[in-house]
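Dropping a structure here in structure tokens format, bear with me for questions.
As written, the chain order gives the labels A, B and C, with residue 1 at the start of each chain.
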Amino acid sequence: MTALAVVAEARRRTRRRPRGKHLSVLGWVAAVVLAVVALLAVFGPLLVTVDPNAVDLGNAFADPSAGHPLGQDASGRDLFSRLLSGARTSLVGPLLVVVVSTLLGTGLALAAVWVGGWFDTAVARVVDAVFAFPGLLLAILATSIFGTGLQAAIIALSISYTPYIARIVRGAALRERSLPYIAALRVQGLRGTAISLRHILPNIAGLIFANATLSFGFALIDLAALSFIGLGVQAPTADWGAMVGTGMAGIQQLEPQEALWASLLIVITVAAANSLGDELVKRSEARA
Amino acid sequence: MSALLEVDGLSVELPVAGEYRTVLQDVSFSLDAGQTLGLVGESGSGKSMTVRSIAQLLPPGARTSGSITFDGASVLDLRGDALRKFRSRDVSMIFQDPRAHTNPVRRIGDFLTEAMRVNGRVPRREAERRAVELLAEVGIHDGERRLRQYPHELSGGLLQRVMIAASLAVKPRLILADEPTTALDVTTQSEVMAILARLQREYGMAMLFITHDLELAAAVCDETVVMYAGAMVEHQASSRLHTDPLHPYSAALMQARPEIERRVPRLPAIPGHPTSAFETPDGCAFAPRCRFAEDACRAALPAFERVGDGEYSRCRRAEELRGQLLVPAVVSHEEVVR
Amino acid sequence: MSAASPKAALHTLRFLGGRIGGLLVTLLASSFVVFGALYLAPGSPITFLTHGRSMTPDAIAQINEQYHFDEPFLLQYVRWLGGILQGDFGRSILYKDSVGSLLGQRIGTTVALIALSALLVALIGLGIGIFSGLKPGIASSALMGVSTAAMAVPTFVAAVVLTLVFAVELGWFPVFGVGEGPVDMLYHLILPAFALALASIAFVARLSQAAIRQEITADHVQTAISRGFPYGVVVRRHVLRNASLPVLTVLGLTLAGMISGTVVVEQVFQLNGLGSLLVSSVQQKDFPVVQAICLVYVAAFIVLNTVIDLAYSVLDPRVSVGGGKS
């Protein structure tokens, strides 16, 4: 999880104050790119007309043609339909990681802040300890226990990404709790859980969402890396990271289409998530 | 004998949001060796800009006109080595906030000896011995220990004394003191001020002393210049300034500060708020806040004119109002609390 | 300057003790996770380890003895940890060899790879950062733009693209392997090290640029300029020295992050280091080797972070070593 913490730190220092109420041009472009990518994940597999797993060895590494707009891979499979159908596999994993770690991290942090005392200390200790375990390594360890595939990796990465969100939420919730309006609510007899969920949480939701966006890019990279080295999504299922891996064979024969197309989609998605997350984070921090 | 420092018609423009704005307008004064001149004004009056122009520490993009002459050489034309020599040997600057103006990761000893070692090529031991002496001069007697400490381990007053000691290290001919006591608490203020004034006399240095405190300027300086909105409004001997101000602004400043001997019902605040040079309307910049202002004051900027021997004012009515400026506007003894 | 008082020395000792204690606790916790993972596996540990391989009763007895499965869980853990502390990482199920010697054959490549990458990050990342921090302009903005983009490139994509361009198309570098002899090895490691370092170079460049830009406007730098120091002295002693602090924290963390990146890079360039051994051991279900490599990686990661942490507190006097006022 360190990579994410490092980048977040680096960005905090390099960030410029946001101007105006609306997203910057770059922010909009990033948001549109992510929206398109999300549509691909939802509808991509439905748009596929050629079977992404249909082997056609006679046409290995074939150039783009009428039926195959991006050409064919080493086994003669259609690249375009593989990229399309791979969108869902490539994106759902990171999304799950982000959702689970955000829920877990937010819940833990809010509880820690509200209960305080030994519970807060204990949570902080555990969070620090998990922080010391690199995410990719934990995912690899998990696949060695539960077998290759995305399930174990997603669970491992969710755990590994939790400390990052938990730290941020804890900091923000502590700041929020010290504001006078919270004292006013307590005087009115509202319960801790109600204050946390109905008042603190909505006020820091922007910050949480922004950091979740930022961590999406990193989760995507980690899961793609896992599939790339062969421990994640297994053949013949199409996945962008796995396609870069299988595309390695083509690289040495100067047929890099498969690896390059898959790489391009990964880089564009990650860059979009980073830019949008970055901008959202600086906005929510400027407001805080 | 010609003056040590001569500032003539100095104007400064700074780029603000893409356009140049005047922050200093036609400032002229001179300072002899060993003499002390006070620059008094509210924040934004241009007093810091004046001092920064002399050390060539203006923000990037600043445009200056007029001239600054130090010991016969034109300061504004100094570049490269000549500028470094001027900064390292001839002038020394004491800043308002010693905490922000010392490198937090370097030791006090390093701060004190750096100038001697970098500019004067003094060997380390020699420089350290000298640093301990300098610390003794500013009343710090456990110098050996202090040299090994870091700025964050010293109080503000102590750190400002270190700053003063450091500026003495190179025996400059001119000290530029930019509100050296403003950031300190009241009790240390007077200590630090006493040390600075004593050393200035002993070393025979000239000093340009910036403050917003007229009384303090009067106590320390031979002459005082009062500034408002980037321009000089009054210049005369400090000893007479607080009994016989020549500009309504100086008089108002005087009345706005408390006196220990006298109880007043309420400190008269100056109405309105201070303006910067580029915000000023036509005419006298102080006119909107001046209780003596007339229509003519608002029509054209008054000239900075000689009123008497060594007395200058930028008030049209300076001679006419002389002696009446300090008469309270409204006296209501009923408002005396208790 | 030396001659610190005994009290200060005591403070320093206590500080060091605290950090090292924290390091040990974290190491212990992660070793527990690595060991305990065995029990999370479906089925009994012994069937998990043998994984349906047909094994001689002798071999099974050996595994049983190695892990002490007949004893309580905690005792097993203590024995396992004790063995590791004595350099005994157990035996590989696949290679019938001691894990320690397997790691010994492989660790050199990985260390060389990480060291070379770290060197690249320090030279290029800091070089770009210092240049663009001190000399704003078109070149500087362009470098920052490229760095921002490079941060979105995963290590494996960098590895693939570098291989394609510099090894296959241009033929300047070998496609894979580590070659023979130290010079040849260095030559073989250049591309992998670049791939591993790329994103870190970009971070460090951006961060050091920002740190320098921020520091250069600091009041204390004004003081140094007002004292007539040459530009070089001001930059070196006041700008770079102070800007190095935030960079150092990130430099350390990125180096630590590159440790897990070796898994990917060694795979692409077929380097016989720990990373590729980890992947093949996972695929071949050689769990003792997986355990050992995970432990080595995590330990390296944690130790590196502690070292950086200590270095930071030495360099920044405000991080009070004595735990007093900061």
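Operating definition for what follows: a residue touches a chain if its C-beta (ideal position, glycine included) is under 8 Å from a C-beta of that chain, and two chains touch if they have at least 3 such contacts.
What you see is a predicted model; the values in this text were computed from it and never measured.
**Student:** Treating touching as the only link between chains, describe the layout with one word: line, ring, star, complete or other.
**Tutor:** line
**Student:** What chain sits nearest the middle when you go by CA atom centres?
**Tutor:** Of all chains shown, the one whose C-alpha centroid lies nearest the global centroid is C.
**Student:** Could you tell me the distance, in whole angstrom, between the mean C-alpha positions of chain A and chain B?
**Tutor:** 57
**Student:** So, what's the distance in Å between the C-alpha centres of chain C and chain B?
**Tutor:** Distance between chain centres: 54 Å.
**Student:** If you average the Cα atoms of chain A and of chain C to get two centres, how far apart are those centres in Å?
**Tutor:** Each chain's C-alpha centroid was found; their separation is 22 Å.
**Student:** Within the complex, which stretch of chain A touches chain C?
**Tutor:** Within the complex, chain A touches chain C at residues 2-3, 5-7, 9-10, 13-14, 128-129, 132-137, 140-146, 148, 217, 221, 224-225, 228-231, 241, 244-245, 247-248, 251-252, 254, 256, 259-260, 263, 266-267, 270-271, 274.
**Student:** Using the touch rule from the top, collect the residues of chain B that touch chain C in their complex.
**Tutor:** 55, 57, 83-89, 92-93, 95, 97, 100-107, 109, 114-115, 118-119, 147-148, 150, 152-153, 170
**Student:** In their shared complex, at which residues does chain C touch chain A?
**Tutor:** Contacts found on chain C: 26, 29-30, 33-34, 37-38, 40-42, 48, 149, 151-157, 160-161, 163-164, 168-169, 175, 199, 203, 206-207, 209-211, 214, 246, 249-250, 253-254, 256-257, 259-261, 263-264, 267-268, 278-279, 281-283, 285, 287, 290, 294, 297-298, 301-302, 305.
**Student:** Spell out the residues on chain C that touch chain B in their complex, using ranges where they run on.
**Tutor:** Its residues touching chain B are 1, 218-220, 222-230, 233, 237-238, 241-242, 245, 315-318, 325-326.
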